[in-house]
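Below you'll find the structures, each written out as C-alpha cells.
The following pair of complexes shares a single chain, subunit A, combined with subunit B in the former and subunit C in the latter.
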Partner chain A sequence: MSAYDVMPDIELYQPATVEDATELAARLKGKAWLLAGGQDTYGWLKDRAKTTEAMIDLKGIDALKGIREIPGGVEIGALTTLTEITRHPLIGERYSLLREAAAVVASPQIRNMGTLGGNLCQDTRCWYYRRGLSCYRAGGNICYADSPAGMNREHALFGASRCVAVSPSDTATALSALEATMIVTSRRGSREVPVDDFFVGPDVDIVNMTALADDEVLASVRLPDHWANADFHFEKVADRNVWDFALVSIAAALRMRDGRIESARFVCGGVACVPYRLPAVEQAVVGKPRSESTGEQAARLASRGAEPLNHNQFKAPLMENLVRRALRGKA
Partner chain B sequence: MNVKLNRRRFIKGVIASGIAAGTIGHGNAAAGGARPAEAVDRLLSLNINGRTRRVDVLPQETLAHTLRYKLGLTGTKLGCNRGECGACTVLIDDVPHYACSMLTHNARGKTVLTVEGLQQADGTLHPVQQAFVDELAPQCGFCTPGQIMATVGLLRVNPKPTREQARHSLSGNLCRCGAYDHYLNAVMRASGQAT
Partner chain C sequence: MEIVRYREDVWGREVLLGVSWDLLWLVIAASFILIMVHAAVMLARKSGPRPSPDGERLSRHAALDRWFHWITAASFFVLLATGVLPIVGVKFPWLTIHWVAGIVLTAAIVFHIVRSLFWKDLASVWIKPSDLAELTGGSAVPLPGKYSLAQKGMHMAMAVLVLIAVGTGIALLAQIDTPWWARSNFLSEAALGWMFLLHGLSTLALIGFAALHLYFTARPEKQFYLRSMVTGWVSRSELAAHHDPARWTPDAVASGDTTVEAPSALGADAR
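On to the complex of A and B.
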C-alpha cells in the first residue's frame, strides 16, 4: 500500500463550543469530517482511501469531555480519552467492564489521544476497504472479502448482507453489555439512541456503521445505574496484545441475586458488523448459578446461526469458549 | 483477490474522481464549492523543548512533519507514520503521544518535549538517556528516541515502576531489533532500581 508522508490539503476548524461545532457540521454537511483524536481518521486521509474538504476538530470543546454522575447513572463525554476512562474512579468502581475494554484498545499512546466517541464511531478495519478498493461499503458493487479468493479470517459470522466486515471497537462491545444510551446532538436538536440502535449492520446501511446522520455529533454516552457494580467479564482475543483488533471478544454483565443470575447481557465483538448480542445465552443463564456447568450449557448456544466464511470458522468455537469462561467466574 | 488493479492507476483514479472516497457521508474532495471562513490560522506559536517557536503550519500537518522538516528536530523518528510503531513518540504536556498521528494544530497551547529537549544546556544527558547508554539498551537505535520518551513519560507519573508496569507503558513502542529486555533494564536503572 502506498504510504504518503502528508495528508492532502484540508481546511481545519477548531470550534470551542458544541453550538459552533453543530453549526459548522450543518453548514458543511457532506463536506466535513468530524475529528476527535484522529487515530482512525489520519490513516484514511494519508492513504487517500477517503478524502474530505474540511475537518471539524472537536478536541477543543470542554463541554464534551469528562465523566460525571447524573441521576440514574454516569455520563461520559464523547471527547473523553480512553486513558481517562481507564483511570476514572467512577468507571473503575461501578463499570469496570468498560475500564477493561478501554484498557486493551490499541496502544498506550493511542489511548492517550483516542476518544470514546472516536472509538465508537470508527470505521471497520476490512483491509480491502481500507485500501481504498471500491467494494460495496465504498459504494461499489462487489465484496472482495467474501469472494472465493478473499482473505476473511477477521470477518463476520453473523448479519452479513453483501458486506461481511466486523465492528472494530472494543468499547462498543462493553457499552452494549452495559446497555448504554448515546446522546446525539445537531443543530436540529438532541436525541437519545439506545446502544442497540446506535450501531447498524449492512442490511440497514451498508456505508455507515452508526445511526448518526451527516450533521450529527455524538455528545455523550450514559451508563445506567441498573448495571452498576454488576458481575462483569471482559476478554479480548487478538493476535497480539497491543495494537491488534479483536478476533473475538466478549463482554458480559450479570446481575446476581442469592447466588443466581437474575439477568444478563452477553455481547461478542469481532463477529458481526455490530456488537453482537447473544439473547439465547442471556435467556438460558437466568436463574442459574455462575458455574462451570452453566457455562457448559450456555456455550452450546453461543454460536448458533453462525455462517462462517472460508477462513473464519475458528471464531465459532472461540465464541463458545469465551461464553464458558465468562460464566465460570473468577478463579 | 480476483480483480487486478494497477495500483498507481487506481490511486490516480480515486483522486481524480473520488469514486472510492467520501462515500461515508464525510464528503469528498472532488465536490468543490467555496470554503467557508473561520478556519484556523496557519501561523502558530508552539512551546517546544521549553522554547517558543513560530512556525507556519498547514491545517492538516502532523506534528512529526513539523518537528522533522520545519524545525530540524530529527530525533523524532518516523517508522510507520500510522500509529503502529512508536518511533515518533513525544510528550505533550508530559503524556506520550505519537507525533505522526496528531495535528500540529492540536499542540497549540501545550508543551511539546522531544528527545532533543532532554539533555541539559551543558550537554549532560538526562538520567533516562544515561541509563539507556549504561545498559547498552539500543541495538540499531532507530526506536530509541521513542523508547526514551515513553520512559520519561512513565517516570513522571510513576517514578518507581515495577518491571511489569514498565513493560505495559512501553508496549506502544516496537523494537525491530528485539532489544526489549535491555530497554526494560534501562527503565529499572533510570528509576534507581538497578538490576
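On to the complex of A and C.
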C-alpha cells in the first residue's frame, strides 16, 4: 500500500457553531468526515485506506471546547485537547483517573493536538483493517486477524463477534470507570448516552465503534459527582512507554468507607472492542479492604470468560496482574 | 441501482461482497404493487357465495405437518428480522439469534424432507403436465387435487430458495465461532462473496414469496386454508368448491374432534 504526502481532494466545511455543524452533518449524512484534532483522520486519508467526499472541521466551534463545572459534576467539551485535560485543576482534583489516562495517550505533540472527542471516537488499530483490506469492519466478509496465520497479539480476548479488533482509546477506559455520560447532538436535538452504551461491539455494529449516527456529533462528556475524589488507579501496559496503544490497561474507581471498599468500577482497555467492565471483580471486592490479599482473590476473576486468539494469551494474566496492582493501593 | 456489492481492496482488486441491499426496496415495492394489482382485480371481479365451513370435516393437514409449518414460519421470520433489520439500521446483537433460528429451520427442513420422502404422498405437491391446464383459467378447467398449481408453484419456489439459503447459511455458519467450534476460515474471500451473494439473493426472493404467501393467506376466499393449517380440517363444502374430490379424497375427521391428529407417529399422510 502506498502512502501519500498530500491529502486527496475533499470539500472542506468549517462551521463556527454547533448548529451549523449538525446542519452540515445532516445534509451530508454519510458523506462527510467529522474532523476534530485530526490525529486519526489524516493517516486514513493520506493512506487512501478510507476516503470521504467532504470534511466538517469542528475545531472552529468554541462551544465544544473547555472544561466547566455543572450541577452534578463536570462537563468537558469534546474538542478539549488531551493536554488541557491533563492540566486542568478540576480534573486533577476530582477526576485524576481521567488525567492519568489522558497523560499517557500517545506523545506530547499528539496530546497537544488530539481532543477528548477524537480520542473516544478514533477507529481501531487493527492493521489488517487499517491497511485497507476488505475485512468485516470494512464492510467485507472475513477477519484476517482471526485466521490461522493472522497476527493477533493486540486483539480481543472478549466479545469478539467475527471481528476481533479492540478499542484503542485510553480515555474511554477511564470514562467508563467514571460512569461518564456522553452528550450527543444532531439537528434532531441532543441526547444523553451512558458511556456503556456509547461504545458498541461488533455483535451490534461491526463497522462502527460508537453509537454515533451519521448525522450526530459528540458535543461533550459529563463526569458525575458520584465518583469525584474517589480512590483511582490507572495503568497502561504497552510495548513502548510513549506513543503507543495499550496492550492492556486498567482503570479502577473505588469508593472507600471505614477502610473498606464500598463500591467499585473496574474497566480494562485493549481486551475488547469496547471498554471492558469487570463486574465479577467489582462484586468480589465490595466490603473488603484495598489490600494485597483482596487483589489476589479478585485477580482470578478478571480474565474469566476470556477467549484468547493464537497470539494474545498473554493478555489474560496481564489483566489479572493489573487488577492485583490496582487493589494493592498506594505504595 | 446495483445488484451486487463489490469492494476494491488495497491492491486494487475487486472483491465480491454479496448482494446489494438496494434490491430489498425493489422487492418490497414489487411485492406491494403485485398485491395491490391482484387485490384490485379481485375487488372488481364478482365473487360467488363462499362454501360453508359447517358439516362434515375432512382432514387436510396432519398435526405433525402443521407443527412443521408453524415452526418453519416462526424460524423464517426470526431469520428475516435478524438478517434484515440490521441492514435497515436497527442495531442489536443479531448474529446468535440468527444462526440459532437457522439451525431450527434446518432441522425442520430435514424433518420435512425425510417425512415427505417416506411417509407422505410426494406426488401431491409435484407439478404435473396436467396441472398446467389451470393456467388457462375459466370454468372448463378442472379443479385441482390437494394442491392447486399456484400452491405447488409456491411450494416448489420456496423449497428451492430455502434450500439455497440453508445451504449457504451452513457454509457461513462454519465461518463464525459457536459453542461447538471455532471459525474454520476454509472458504476463500471470493467463495465467501459468492456464499453471501446467494444467501442474500435467496433471502430477497423469499421476502417476495413470503409477502405473496401472507397476502393469499389473508384473502377472504382463501382463509379456510389458514384455518386448515391451524385446525387441520376443511369442510365437505369447501372441498367441493375448491378441489376435485376425484383427485383428492381426504379422510373424515372423527365427530367431536376439533383438530386433526396424526393417525400414527409418522404415518399421518393426509393423501
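One rule holds for everything that comes next: the second predicted complex is superposed on the first by the 330 of 331 C-alpha atoms of A that agree within 3 Å, B and C clash if a C-alpha of one lies under 4 Å from a C-alpha of the other, contacts with A are read in each partner's own complex, and residues count from 1 in each chain.
Throughout what follows, a residue touches a chain if its C-beta (ideal position, glycine included) is under 8 Å from a C-beta of that chain, and two chains touch if they have at least 3 such contacts.
What you see is a predicted model, and the numbers here were worked out from it, not measured in a lab.
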Superposition-derived comparison: subunit B or subunit C, residues of subunit A touched: B
Which of subunit B and subunit C A:D203 touches, first, second, both or neither: second
Touching partner for A:S161 - first (subunit B), second (subunit C), both, neither: second
Contacts of A:D146 with subunit B and subunit C, given as first, second, both or neither: second
Touching partner for A:G132 - first (subunit B), second (subunit C), both, neither: both
Contacts of A:W33 with subunit B and subunit C, given as first, second, both or neither: first
Touching partner for A:R325 - first (subunit B), second (subunit C), both, neither: neither
First, second, both or neither for A:A49, with subunit B first and subunit C second: both
Set intersection of subunit A contacts, subunit C complex versus subunit B complex: 49, 132-134, 138-140, 142, 147-148
Of subunit B, residues touching subunit A in the complex: 1-3, 5, 7, 10-11, 14-15, 18-31, 33, 35-36, 38-40, 58-62, 65, 78, 81-84, 86, 89, 95-98, 100-103, 105-106, 150, 168-169, 171-172
Residues of subunit A defined as touching subunit B within the complex: 2-3, 5-14, 24, 27-28, 30-33, 38-39, 42-43, 45-46, 48-55, 57, 59, 83, 106-110, 112-113, 123, 128, 132-134, 137-140, 142, 144, 147-150, 207-208, 213-214, 241-243
For the subunit A and subunit C complex, residues of the former touching the latter: 1, 49, 131-134, 138-143, 146-148, 160-162, 200-201, 203-205, 211, 307
Of all residues in subunit C, those that touch subunit A in their complex: 7, 9-10, 15, 17-18, 86, 91-96, 175-177, 183, 185, 189, 192-193, 196
